[in-house]
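Shared chain: chain A. Partners: chain B in the first complex, chain C in the second.
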Partner chain A sequence: MTTSADFDQSAFVRALLDPELPPPNEVEASHGFAPKRRFAVYRNNVCVGLVDALAERFPICLQLVGDEFFRAMAQCYVRERLPRTPMRFEYGDAFPAFVSEFEPARELPYLPDVARLEYAVGQAYHAADAAPLPLDFLRALSHERLDNATAVLHPSTHVVASAYPIVSIWRRHMSDDEMTPVVLDHGEEALVVRPELAISVSPLPSGGSAFVDALRNGRTFGEAMNAATGVAAEFKLIDCLRELFLTGAFVAVSVAH
Partner chain B sequence: MGAHSAPEHSRERAASSLPARAGVGFKSVHLADIEASAHDLGFFEIHAENYMGAGGTPHAQLMRLRKDSPLSIHGVGLSVGGAEPLDRAHLRRVKSLVDRYEPAAFSEHLAWSTQGARFLNDLLPLPYNATTLAHVVAHVDEIQEALGRPILLENPAAYLRFRSSEHSEIDFLHEVVRRTDCRLLLDVTNVYVSATNLAYSAEDYIDAFPMAYVEEIHLAGYAEDLDEIGDPLLIDAHCAPVPDAVWRLYHRALARRGPVATLIEWDNDVPPWPTLLAQATQAEAFLETRRRAVEDGLRSKALHDDLG
Partner chain C sequence: MSDKKLCAAFAIAGAFATAVALAETAQAANDQEKCFGVSLKGKNDCAAGPGTSCAGTSKTNYQGDAWKYVPKGTCTSIVTPKGKGSLEPISH
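Entry: the complex of A and B
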C-alpha cells in the first residue's frame, strides 16, 4: 500500500515566484506537453494581483511616475516582499521604505513621503470608528489644566512629516488640477484624520507631527509642546491645536487632578 | 476512503439560509445605484477579507446593505487546502466578521493561498489524495467548530493537474462532505473552465456532482487564451458576462438540484450597475423556469395521487 506524500508546497511557491524556474515536477497538462503557460496563469495571478493592490493603495505615486514605471517598481517589491496576511488593505506597509531605496526613483525625492502619506490615508480609511471631541472642548479648558492633560487620538489619526510639500502634492492630484505646479522649496507636515467617513488631509504647523507623536506616546500637552519646539522653534501651539480639534483628531482629553 | 464521519450534532444545522434566488457580488461603487433603484435581488455576497478593518466606510456600507438583503460572506484567505495548520489569527478575524454580520452563508475554497506566513493572493491547486484529504477535513472541521456552523466549500478553477492525484475532484469533495458535514458551493464557471483546461466533459462533471449538498451556485465570465500547443486555456477572471456555455451548464445543474441561491460574480472590470443587475435577472429567469417545473411536477403528482 502506498501512502501519498505531502506535496511540496514550498517548491510550488518557489516556482511561482521565480519565472526563471520550470513549473514544479508534480504538475502536468492533460495533453502531456509542457504546462508552462498553464502554470504561468498562477504566476500571473499572484504577481499582477499584488501589483494591482499596490496601484490601488498608492494611486498618487502611480500618477507621479506613470503606469509603466509604477508597475515595474511594484513588481520588484512584490518579488521581495509578499503579504503576511490575506487582507489586501494591509499590503504595502514597507512600500515607502522600498521606494526610498529604489535607485530608478531617486529623481523624485518626494516619492517615498508621498507613499507614506498614501499608506496613512489607507490606514485611516479602515481605522476604528470613534466620536471626535468638538472644538468647544478646547475653549472650555484653561491653559494650565491643558498643560498637564493627556490625549487619546482618534484611531484614524496619522502624521507624516516631509522635507517636501506632500500635502500640496496630494491635494493637487486629488483635485485633478495638474496644471498648477507645486513649488518644492518647502516641507510640509501632513495630518490625516477620518473622524466620520470622509478622510481629511491637511498641513500642520511646523513641529505639529512631533507634537502629535508625543501625545500618541502618552505625553502631556506641555511635554508635547516641548517636543514640538525642540523640532521647530517657531511652533505655533494654538494653530496646531485648532487644526487638530477642527479635523476631529482627538476623542478624549484627560485632565490630571 | 476512511471511516471517519461527521459528528451527529452537526447534521441538523443548516449551512445556508440564502433564498433560492439570484444575487450579486457587492461592489461599493454600486451602493448608490442599489439604494436608488428598485431591485429585487435575493442576496449580496462580499469577500470576507475586504471587511476586516476596524471601521470606516466598508462597515458603514455593509450595515446599510445588510438592512434590506440577506448576506453571504465568501472567504478567500483561510487556505483550507494548505498542508500547514490554519492561521488561527485569521480564523478569529473570520469568526468576528461572521458573528458581527450573521450572514446567511459562509463559504471558502478547495484551494490554498498561504505558505510559511506568506499570503500568495491566489487560490492555488492541490492534488487529490489521502494526505491532502486529511488536511482539508481537519481544516474544515476546525473552521466549522470555530464558527459554530457548517460552511460551503467551493470547487476550484484548474489550469493543470497533479500527477499525485488519486481521486477525482468530485470523489474528493464528496468525501470531505461525508467526513465534515460541510456543504458545497458549485461554481459552474469553474467547472467549465477546469473541464476545458483539463479536457474532460463539463456535462459529466455536473451530472456526477453531489448536488444534494449544493447550497449555492456561482456564475461568472472567464478570459480566453491558448497554451503553447494552441489548446484552449480558459482563465477564471470574473471580468465578463456569463457566457452561453456556462448558462447551459447552469440549466443542467438546476435540473438536478432544483432552484438554489445563485451568485453573479464580477470582480474585475466591474460593469455599471444595470449590466450586473441584468445578469442577475437572467439567472432569476432560469430559477423561475425551474420553480415552475417543480410546481408542475408537484401538481401532476397530486393529480395522480387524487386519481389513486
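Entry: the complex of A and C
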C-alpha cells in the first residue's frame, strides 16, 4: 500500500494535466479495468469541474466570448494553474491576469477588467458581514471636522478601475435590456459592495477608486481627497460619497478631536 | 491651521451633508423588492440554486429560485410565461 509520505504528488499532478502522459505508477483500477482509461476519466472530471467553476465565477465574461471560446480559454487556465486552496470560490484569482495575456482574447481589450470586476463580485459575496452606517449617523457627522477623520470600510468593499466602461458592460449583461449598445470611449471605476444579501456594482466618479483605496489603507478623508485629485483633478467628492453612502460602504467613521 | 486646511475641512463636511441628502433621495426613489421567478437566464441579481456563486448564474428563464430586483409593489403583478412573480422562492 502506498502512504501519503512516499506518494509522489508532483508526478501525479503532471499526469493529471497532460493527457499525453501515462497514469501515475501508483494508480490501479479495480475489476481489471485499464488504469489508463480510468485515469483519463478522472483527468477529464477534474478539468471539467474546474472549467465549470470558472464559468460560474465569470458569467459575464462567458456571455461576452460565448460558451465554446470561454471553455477553451478556461481549460488553458486550468492546465496552467490548479487550485491553491480547497475553497472553490477562491479559484480564479489569477484568471484576469491570465486573460490579459491570452492571445486569442486580445480583440476584446476590456475582457481582463470585466474578469477583475467579476472576481471582486465573488470576493464581495463571500466577505464577512457587517452593519453599514445609517444615513442619519452620517448626517450627524457633517457637523464635525472631517479632514482628519478615518473610516472603516465594509469588508465586502472592492474597487476596480478600468480604461473601459466595465460597469456599463456588467450592467448591460445583467439586465433584460438587449438593445442599448455600450459605448467603449470612456473608462469607469467600479465600486462593489455587498452590505446585506445582494451585491451592488456601481460606477464611482474618476479618482473614486484612489479615494477608496486611501481610506482602506487608514488614510484620513483629507489625504484620500488629495489621493483622488492626484489621479483625477476634477474628482467629484460629493458624487463619490453619495455612492459610498448609498451602497453602505462605511461601517465606521472615527473623528479625531 | 492654515486657511487651505480649514477650507478642506469645511469642504469635506459640506460634501458629507450634501451626499447624505442625495443618498436619501436616491434611496427613496429606488425602493425595490426581491422578485422570484421573473429573471431571464443569466440575468438574476442573486440566489439560483445551492452552491452557485449568485448573480448572473441562473440556468433557465424565469427560474423559481433566482430573484431580480423590481420596483416595490410590482413583483406579484409581473406575469411571465411560467406564471407570476413571487416574493418567496417558487418551484415551477
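Everything below uses one rule, namely that the second predicted complex is superposed on the first by the 233 of 257 C-alpha atoms of A that agree within 3 Å, B and C clash if a C-alpha of one lies under 4 Å from a C-alpha of the other, contacts with A are read in each partner's own complex, and residues count from 1 in each chain.
Here is the rule we go by: a contact is a pair of C-beta atoms (placed from the backbone, for glycine too) under 8 Å apart; a residue touches a chain by one contact, two chains touch by 3 or more.
Here the structure is a predicted model, which means the values were calculated and not measured.
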Where does A:V65 make contact in the superposed view: on chain B (first), on chain C (second), on both, or on neither?
neither
Kindly classify A:R145 by the partners it touches after superposition: chain B alone (first), chain C alone (second), both, or neither?
second
In the overlaid three-chain picture, which partner chain does A:A29 touch, first (chain B) or second (chain C), both, or neither?
first
Considering only touches as defined above, state whether A:L197 meets chain B (first), chain C (second), both or neither.
both
In the superposed arrangement, does chain B or chain C reach more residues of chain A?
B
Does chain B (first) or chain C (second) touch A:Y125, or do both, or does neither?
both
After superposition on the shared chain, which partner residues are touched by A:F89: those of chain B (first), chain C (second), both, or neither?
both
Check the residue A:R242 against both partner chains and state whether it touches chain B (first), chain C (second), both, or neither.
second
Chain B versus chain C as contact partner of A:F39, first or second or both or neither:
first
Chain B and chain C footprints on chain A, overlapping residues:
89, 125, 197
Complex interface listing, chain C residues touching chain A:
5, 8-9, 11-20, 22-24, 26-27, 34, 39-40, 42-43, 45-46, 52-57, 69
Touching residues of chain A toward chain C in the complex: what are they?
56-57, 59-60, 63, 89, 121-122, 125, 135, 138-139, 141-148, 173-176, 197-199, 221-222, 225, 237-242, 244-246
Of all residues in chain A, which touch chain B in the complex?
3-7, 9-10, 12-13, 16, 23, 25-31, 33-39, 41-42, 45-46, 49-50, 53, 82-89, 124-129, 155-156, 194, 197
Which of the residues in chain B end up touching chain A in this complex?
49-50, 52-60, 76-78, 82-84, 87, 89-90, 93, 112-122, 124-127, 129-132, 159-164, 166, 197-200, 225-229, 231, 233, 235
